[in-house]
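As written, the chains take the letters A, B, C, D and E, and residue 1 is the first residue of each chain.
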Amino acid sequence: MIRGGGHAGALRFLLTKTVKFILVLATTLLGLIAVTFFIGRVVPIDPVLAIVGDRAPPHVYERARQELGLDRPLAEQFVIYVKKAVTGDFGNSVLTTNPVMTDIMNTFPATLELATLGTLIGVFVGVPLGVLAAVRRGSWIDQLVRLLGLVGYSVPIFWLGLMGLLLFYAKLGWVEGPGRLDVTYSYLYTPVTGVVLIDTLMQGQMDAFWNAVSHVALPACLLGYFSLAYISRMTRSFMLNELAQEYVIAARVKGLSEIRVIWRHALRNAAVPLVTVIALSYANLLEGSVLTETVFAWPGLGQYITNSLQNADMNAVLGGTLIIGTVFVLLNLLSDLLYHLLDPRTRR
Amino acid sequence: MTGAPLVQQPSGARAWLLSPEPASRWQARLGRFYLGWRAFSKNPLAVLGLGVVLLLILVAIFADLIAPYSPIIGGNLRTERLLPPSAAHWFGTDDLARDIFSRVVYGSRTTLWVVMLVAIIATPIGLAMGTVAGYLGGWVDTVLMRITDIFLAFPRLILALAFVAALGPGIDNAIIAIAITSWPPYARIARAETLTIRNSDFIAAVKLQGASTPRIILGHVVPLCLSSLIVRVTLDMAGIILTAAGLGFLGLGAQPPMPEWGAMVATGRNYLIDQWWVAAMPGAAIFVVSLGFNLLGDGLRDVLDPKAAK
Amino acid sequence: ATPPDTLVQAWTIDDIISLDPAEIFEFTASEIAGNTYERLINYDYKDVSKIYGEVAESWTVSPDGKTFTFKIRPNKKFASGNPLTAEDVAFSLQRAVLLDKSPAFILGQFGLTKDNVKDKIKASGNDVTVELDKAYAPTFVLYCMTSTVASVVDKKLVMQNEKDGDLGYGWLKTHYAGSGPFSIRDWKANEVVVLERNPHFEKKTPLARVIYRHIKETATQRLLLEKGDVDVARNLNPEELKALSTNTDIKVASGPKGGVWYLGLNQKNPNLAKPEVRQALKYLVDYSAIADTIMKNQAEVHQAFLPKGFLGAINENQYKLDVAKAKELLAKAGLKDGFTVTMDTRSTADTTGMAQAIQQTFAQAGVKLEIIPGDGKQTLTKYRARQHDIYIGRWGPDYQDPNTNADTFAANDDNSDGAKAKPLAWRNAWDPGPLTTQTRAAVLEKDAEKRAAMYKDLQQAVLDNGPFVIMLQEIEVMASRKNVDGIVIGPSFDTNSVAQAKKN
Amino acid sequence: MLDIQNLSVVFGTGRLRVDAVKDVSFHVEPGASFGLVGESGSGKSTVLRAVCGLAPISGGRVMVNGQAVKSPRDKSFYRTAQMVFQDPYASLHPRHTVDRTLSEPLAIHGEKNAEARILEALREVGLGPSFRFRYPHQLSGGQRQRIAIARALILRPKILLLDEPTSALDASVQAEVLNLLDELRVRLGLTYVLVSHDLAVVAHLCDRLLVMRQGEAVEETTAAALRSGQAANEYTRALIQASQGFARDGVEPVLV
Amino acid sequence: MTKPLLEVEDLRVRFHLRTGIVEAVRGVSFQLGHERLGIVGESGSGKSQTGRAILGLTPPPGEVVAKRLTFDGIDLLTASKRTLRTLRGGRISMVMQDPKYSLNPVMTIGEQIIEAYQAHRKASRGEARDKTLAMLEAVKMRDPSRVFSLYPHEVSGGMGQRAMIAMMLVTDPDMLIADEPTSALDVTVQMEVLRILDELVAERGMGLIFISHDLKLVSSFCDRVLVMYAGHVVEELEARHLREAKHPYTQGLMNCLPKLKDDIRPLPTLNRDPAWAL
């Protein structure tokens, strides 16, 4: 009976959640559009120049300006922007001439690939490290985690990236260099998902797959390290909090093994806030890997947006920003859902 | 007057500080401070962090005295470019024949400026947004938090880039950009903290004494949010320095020839493999200072935020 | 490692915005067009004065100097397999004018407009005739015909992909319809351009494929080159090149390019408007030190606005760092204690490096230079609005004729703020006075020697009095693996050829 | 002094609606002491909070000193009625010294000679001036509760609302605080409304009391009636029974 | 009373803190047979630490020393972790103060009880489930199968505490430590829970240590009472003879409570003699 009620409750919960989510998404995106749009208009870069170049004769310049709609009032431009954006049309990128959506579809998988691997490393190494550090508070492993974290917070990522390349690629030759794939393999497969690892694997191109793995290893480990630094420290602090709870003592009183107490009872509870932390760090990797992408010649979204911004390619900037904003909100929702899944107290 | 009596009765001074019956506001405050300091100083890493930060401040103040060369005017381009570290140039010279040590020393000013300004701009914004939203609740909360979310959902570096692009490159604008992008997490922390405080009995008690809302927020809520915020800001300092460096790296931070560590590393990356010192020296400076702030933040957390230290 | 039949180049190729020759105006895309399209005529990379027919077999000029007739080679084919005819040539030229993209003015300066181009350019049999509005110097016309905008496109293929009367523009922006040694197989913005051997080209290329990889970081380029994961690195800096000189697997080749580095002094700034100040600043740049250190392998000292290799170029350098002289001049201008001035500087490594070197030598005479960094588009926007004090930048010629630089450095028809044309002289608010007329006259001078003399005069006038401190001429360097051979570094950016490149 | 008629308090709406107080009425004479007893969640605190404006009055009427209360309460109200909270560990601002805590109400109401008033207030609750600059963490639970009482008294209110003032304290400390409250009431002529779940405490301090259960008033009775074991309502009897200690069947509680 | 179940002699619990060493329990000795032993004392007197030390659950900076600490002949101080683990929950259990905090919030009550059972008895899930349901029934849960699948936050305090008791007694331990098992509950519910506890103890013949600060409650519930002050036992006496307590602390504790029946005012207060703490 209560089970049935639970289901109905869950359904209602999902429904209200969805409605709320759509509202949140809509307002956030509108806010994002507004901020980006007005930034785009106050940036002292002439977007027409990006299209026609410096040496274009005046009439070519004028025509391009009109085509961009820059001669209309600001408010009108904004309305047009929003109208189009709602239908998923972010216009064409000036720099690549492709529709911005296409460009994002091309660059986002690269970023996704890197960020996902980085987060996986961060989670699968960072969480156990954090747990161990909390359990052995004050021991060498705690110090190690602390040090890893502090170094991770303090080292410039581009420096570490180049040094990594120098050591593991140039000197030791353990991994492949910058880029996603050697040219030899570039045309052995057809891009489907855009994630090279998946595409090559699905098409049975094992050589290409291993080559891609070798390419992605270093940047992924680098991002993984940064996410690990964060996740392990947060895990540690959440675990310390949980380990001090009464129910942990109760679990020990029951005569459960320490492993079960820690990994099943305490971590299961620490997982609740941890989900949010992991989602946040994932979002950060998705948006913040511009520097890594530059160093590793990784044709990702971060580089795309930065490059567009420097060239006043506002369509691309807006599109990219909206995508990242959407992903951010989606991740928030996901972590929210997971939160509810993991924590029965929040299910009403 | 000699120092002898004091030396002989160190417990006297400590007893005074720790007196359970302080005789004045000052004694109470000092005692509290001393207690904090004692907890703090038990953590050698935190003291090290404080040392680094103090060193940064001292170096910034006395840059003129410390730096052996001009940070801006270089030597002979033909003979003094890209010299490795030596007795004459401790950290070597850069591509424009400038002494890197002197530039690092002067760069501490920029770094300090960045750190201070961001702290002064971002913390109050975050604090105000968070406490007001948390305390008032209702639609004020909804509106303020939605704004916060929007800024939070914005790719941070991109927002900073955009602001710098809009305001024009330069260190001050970079700082404003960083400040604008770093307040949302502070607002969230302040709000969360406020939510736990706002229903507490001591807030109800001042309400019952007829205190106005601004008075409650400023006098009673803010001081309690401040400590976790200070900790968070200190821990963020490293990230802020690195973001400034990242902006410098993208050419949007400090203006040349102003010595800014991030921009220096950015130049140095062109010589990374053979003239390693050009990037490594300012890079090491960034690292040390970030580490210092992190260690300090960690230590402060133990002192100010016993919850997190558990 | 790279495959033996493929040449991989590491280069920053993020400036490509179009692959349509009627629109291409950027360095990277120009080079790619140069290797994938053929033009009517071309010039010898070694001796620019030698012009030869590429698609044209021969050409004649009518007695009145207004009509050029080109005879097209028979039996040529496009990469698509379609035959290349006079019809295609005429279409290509008309199309460039009709589309009216940025480089269209190169043809437009001969009086070709949208309205008249169908009458002025005609194909008949194997011949293409082009009718001009004035009797221009033939060298001027021919040099213009060698530029990318005059590339021959495959009319049939292009028109198959026409949409809404756009002459196939939308399609060609990202596709290929040419007859050059290579064809463009793939372009992924900010990632890669892949060229593939054109099977229909007469002289089969030794390499099956040429790949341009977008690598932004020079250190990354170097690592890739040293590991053999690219064959050529295009953007290495002097230090990296120096370090590579000890690597026996790698060789470095270089050749001068048409680009010049200069300072533009805005005449709206009252200090800079003083002739003595302009002169003084020319004495306050340590040209040779910059060329030997910061810009080593990337530029050499050159002070006239026409680069080495152009008709009439002045190759002697009359200025060098002379602080005493500069101080004297400043004193004469009433600025004994110097003055403060800003410089808009693109925040790339070489530009900022030069700017800071200049900042140091300026300071020696009391001129306090504040550097305002910005990205390219940003500084350019400001420059075009005449809001700078000093602008440091590079100017590349649009075509191989001296008029291209004279027109921008020495001519300014309208110095008012609302002027339509924005040559460099205008951007610096400089009214060159009689120089404008002289520039206009030089285009019409048929006698090559006289014409050269006219340009020499123009250059000298700008050297003495112009608001430009021209400092350096660009050098293009390529570091490549030892086994790579046959890459030609031409005098302009569209003449770097990989057609005969091979790997041993 | 305090007159409550048909008070009801509702929190939230829809599914989240909680009827915390339903139709409760009682009246307290000036100088009297009135008790509210009941189990956790029965709405005792909510009644007090509704009087002070910390909880919404959804129905009924609250009169203080002969006047209906205004929402929001004005300053004169706060000078008439003050409240002491249950948990002395939570009701003092952890970063404020005793001095600051006590001077805050004086500052809000623009009172003069704060110095003297603070010292006097401390003396009233049996603490010396040496406590003035201490922080809460330097005080024991009983001392904190004294400070909370001092804070409530410093504006010289007529009514003191006491929300389980001793339930967080050890038995020995509870006795001290109860004695203090008793003495203050007589000396300052205060009116008390005391909330507690401990019948003995209520009976000790109050003359009349109201038993509450799930937001409703169960019965109003007197301390004397409790002592003599008279209770009309079964629930009240159960409370009395439970307060006697554990009773194994048939065995009388040892301590009475 | 034959051989005592638990023997404690000179038990000390020390905490090594930065500020020095805190001795929370200072030389506590007692024996427990199959009886109900109450431990009372004011807050911080070391009651809980005594209970925890017996189970070997003194939190990290703490250290336990004792002349003797045996359970059914097993030396708890030298026993291996393994042995301790089988003892804990298997033969010695503990019911803690607040069900809100001592039940794992993300596991259903049923799961938690099954887990406790399976940690000590080799049983299939089905058996464990049956046993759990039976146990829930034994603690007078109205609808055991419903409660089985509820999460801790979905039950009231009284139900939670009964679930906690079920969890701790499902393995039929020989000894139970109850650390303020009812102080978070309402008085009426408190009585119900105590009754259940009382019945179970009587039925199964367990030894019970009942920790509370409520003298009245302990004296009415237990057979014997230890009165603790500042970490040591100031007095040990039969519950029946509490009124004849000799120690002034015990007397003070009893007198300072307001009583329904007689109205003494002012209430007598406790005058702490520093000598008690020695």
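By our rule, contacts are C-beta pairs under 8 Å (C-beta built on N, C-alpha and C of every residue); 3 or more make two chains touch, one makes a residue touch a chain.
Molecules present, by chain and UniProt name: A, B = ABC transporter permease; D = Glutathione import ATP-binding protein GsiA; E = ABC transporter ATP-binding protein.
Just so it is clear, the model here is predicted, and its values are computed rather than measured.
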Chain-contact steps, minimal, separating chain E from chain C: 2
Partner chains that chain D and chain E have in common: none
Contact-pair count is greater, between B-C and A-B, for A-B
Max Cα-centre separation from chain A (ABC transporter permease) goes to chain D
Rounded to a whole Å, what is the gap between the Cα centroids of chain A (ABC transporter permease) and chain C? 40
Express in whole angstrom the distance between the two chain centres, defined as the mean CA positions of chain B (ABC transporter permease) and chain D. 46
CA centre of chain C versus CA centre of chain D: separation in Å? 88
How many Å are there between the centre of chain A (ABC transporter permease) and the centre of chain D, using C-alpha atoms for each centre? 54
Where in chain C do residues touch two or more other chains at once? 217, 219, 223, 375, 378
In chain A (ABC transporter permease), what residues contact two or more other chains? 44-45, 162, 166, 170, 310
Taking the top-of-page definition of touch, could you list the pairs of chains it picks out? A-B, A-C, A-E, B-C, B-D, D-E
Within their complex, chain B (ABC transporter permease) touches chain C through residues 72-74, 77-78, 81-82, 95-96, 165, 168-170, 251-252, 255-257, 267, 269-275
Chain A (ABC transporter permease)-facing residues of chain B (ABC transporter permease), complex: 146-147, 149-150, 152-159, 161-163, 165-166, 168, 235, 238-239, 242, 245-246, 249-250, 262, 265, 269, 272-273, 279, 283, 286-287, 290-291, 294-295, 298, 308, 310
Can you name the residues of chain A (ABC transporter permease) that touch chain B (ABC transporter permease) in the complex? 24, 27-28, 31-32, 35-36, 39-40, 42-45, 146, 150-151, 153-159, 162, 166, 170, 237, 240-241, 244, 284, 287-288, 290-291, 302, 305-306, 309-310, 317, 320-321, 324-325, 328-329
Per the touch rule above, chain B (ABC transporter permease) residues touching chain D in the complex are 20-25, 27-28, 32, 200-202, 204-212, 215, 219-220, 223-224
For chain D, which residues count as touching chain B (ABC transporter permease) in their complex? 49, 52-54, 73, 75, 77-78, 82-83, 85-87, 90-95, 97, 99, 104-105, 108-109, 130-131, 133-135, 138, 148, 151, 155
